[in-house]
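So the structure is just underneath, and the comments pick up after that.
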């Protein structure tokens, strides 16, 4: 293909047929842009990435019709090295995706959001604008994350209540506007984390968390309840 | 080498000497198949993989004689992008290995098993048939996982009781037929998780779990004991 | 460039301008050595690596002046496959860095240290000599790890007390000489783990841990206190 104005393409880059490249696009060495991928103006992609992956699967895995759509990466995105992104997904403008991250099919990532190093976003998931998904965080499939949410490093989610044992409509967490999840917290399937709620680091969240509440511990409890209980224990022992 | 019938080999693929390829094999762009690797019929490998790695090491690391054997990937396996697999390991037929996964030497993966995105399987480990090892799960070395086991996302295991402080025969968990481990659970070295046992999400398992038991919490306790205790606490406070 | 004595360079390797290679260096297929990187004698680098990355960023991310310095990898280091390392970082001699690991800018890794498979080391971090950072461990930015420290698999750290909500000087943990952190433990921002202290697997450490203490649980408490409490509970119930 003929390259648009301002392109900066590394060595051993593979660009398959049907790819649409905007202006001033930079692509690092050894990166692979698969069939029909759409890349906006001023996008930077690092080395050794694979973008526009069509879902491969075995008989026990789900597919999604939207995986037939192309991957769209909008203007001004910056993508690191060793990243994989699937077809059927849209990355809005000004998104930053760090090295070794992986994003599956039928995902929407809102403008200005940061996806951390080694973070993994599974299929059928919607992430709002100006979120931070930190390093090695795991966002399971069928998850909704609203705007301005902070997901700390190594946060873990799941979407399968019965761990494959029964038929079940898979449902990840629903994390509302401005919520903050501390590092290495565990979120169970289908729970809601309310607007501006805070989950402490290392907590295990087994129930919904109301708006503006802070929960900590395993299982996670309202921090105000825990403080009052600790005070009353002191009362009885002194 | 001359390619077998039905081969579909991407750009910039490296296939070293002694590699044996079956029929109808697909290999993505930039993938490296190292010396003597054996790949069965109808295997699909994505882009940017490195398979058949010979162990490199420093003076403090273990080796295994079987790492001198080739990597064998049997028929109908599907392997994603950015995957690394070592020599001395056997992947049985119909296995699915997702993007960014890594499997060390002297590992056996049974037929029909799924290894999730970014999951890491260490050396000297045996995984049965029809297991699911989910995204970012960490299976330590010297571990045995029987058939039909479910390992949730971000599950963590260890095999070194003294964390390098003493001489110790490394021993990972022994996870029996049909057990289910919830996401981000922590398993200590050498414990047994019994047949059809369930470990709750985020639990920290410090002792053996009997067949058919469900344990939750940090440290993990039998869920029936916890429920009865909660009831009796309510009795005394009301 | 002309290759030094004993070089062993794979296929499709990219070596950018200004790179300095020592003698007897081995570089695997498809690896990219970016501008000005300095590689010492007898260094081995695997396939599909990207080393010497210059920081890309969006407007919400920090930079560091030292990221203008080159990456320096000293003699006898062994680096696996799919590894990324940034400029402005120094890897001392005899370090082992396993597959899929990622190390950011302005990091110092001391001699003889092992960085595990998929481990991630963030910016502005100093790691001493003869440490073990195990598989999938996450070392946050602005962290100090002294010598002979053991960080177990999947350990998670954070450096941002307010999760992006306020201005705050980011500060990771300070882990002193010979401390040992069990697998999947969670460390909060700015805490000190004392010399030879031990943190149990799966623990959530919310406060400083004194030298030689062992803490376990969520939140982590001194193990001697927990044992005595358990004994006294038994006393009252029997």
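Going in written order, the chains are labelled A, B and C, and every chain counts its residues from 1.
FYI, a contact is a pair of C-beta atoms (placed from the backbone, for glycine too) under 8 Å apart; a residue touches a chain by one contact, two chains touch by 3 or more.
Not measured: the values here are computed from a predicted model.
Asker: Enumerate, in label order, the chains that touch subunit B and subunit C alike.
Answerer: A
Asker: Count the residue numbers both subunit A and subunit B use at their shared interface, divide by all numbers used there, and answer same if that is over half, different if under half.
Answerer: Subunit A vs subunit B: different; shared/all numbers falls short of half.
Asker: Taking each chain's centre as the mean of its CA atoms, how far is subunit A from subunit B in angstrom?
Answerer: About 23 Å, centre to centre.
Asker: Residues of subunit C that contact two or more other chains, please.
Answerer: Subunit C, residues with two or more chain partners: 12, 30, 48, 82, 100, 118, 136, 154, 184, 204, 218.
Asker: Give the list of subunit A residues in touch with subunit C in this complex.
Answerer: Those residues of subunit A that touch subunit C are 10-12, 28-30, 44, 46-48, 78, 80-82, 94-96, 99-100, 112, 114, 117-118, 132, 135-136, 150, 152-154, 180, 182-184, 198, 201-204, 216-218.
Asker: Show me the residue ranges of subunit C that touch subunit A in the complex, using the header's touch definition.
Answerer: 12, 14, 30, 32, 48, 50, 53, 56-58, 60-61, 82, 84, 100, 102, 118, 120, 122, 136, 138, 140, 154, 156-158, 163-165, 184, 186, 188, 204, 206, 218-219
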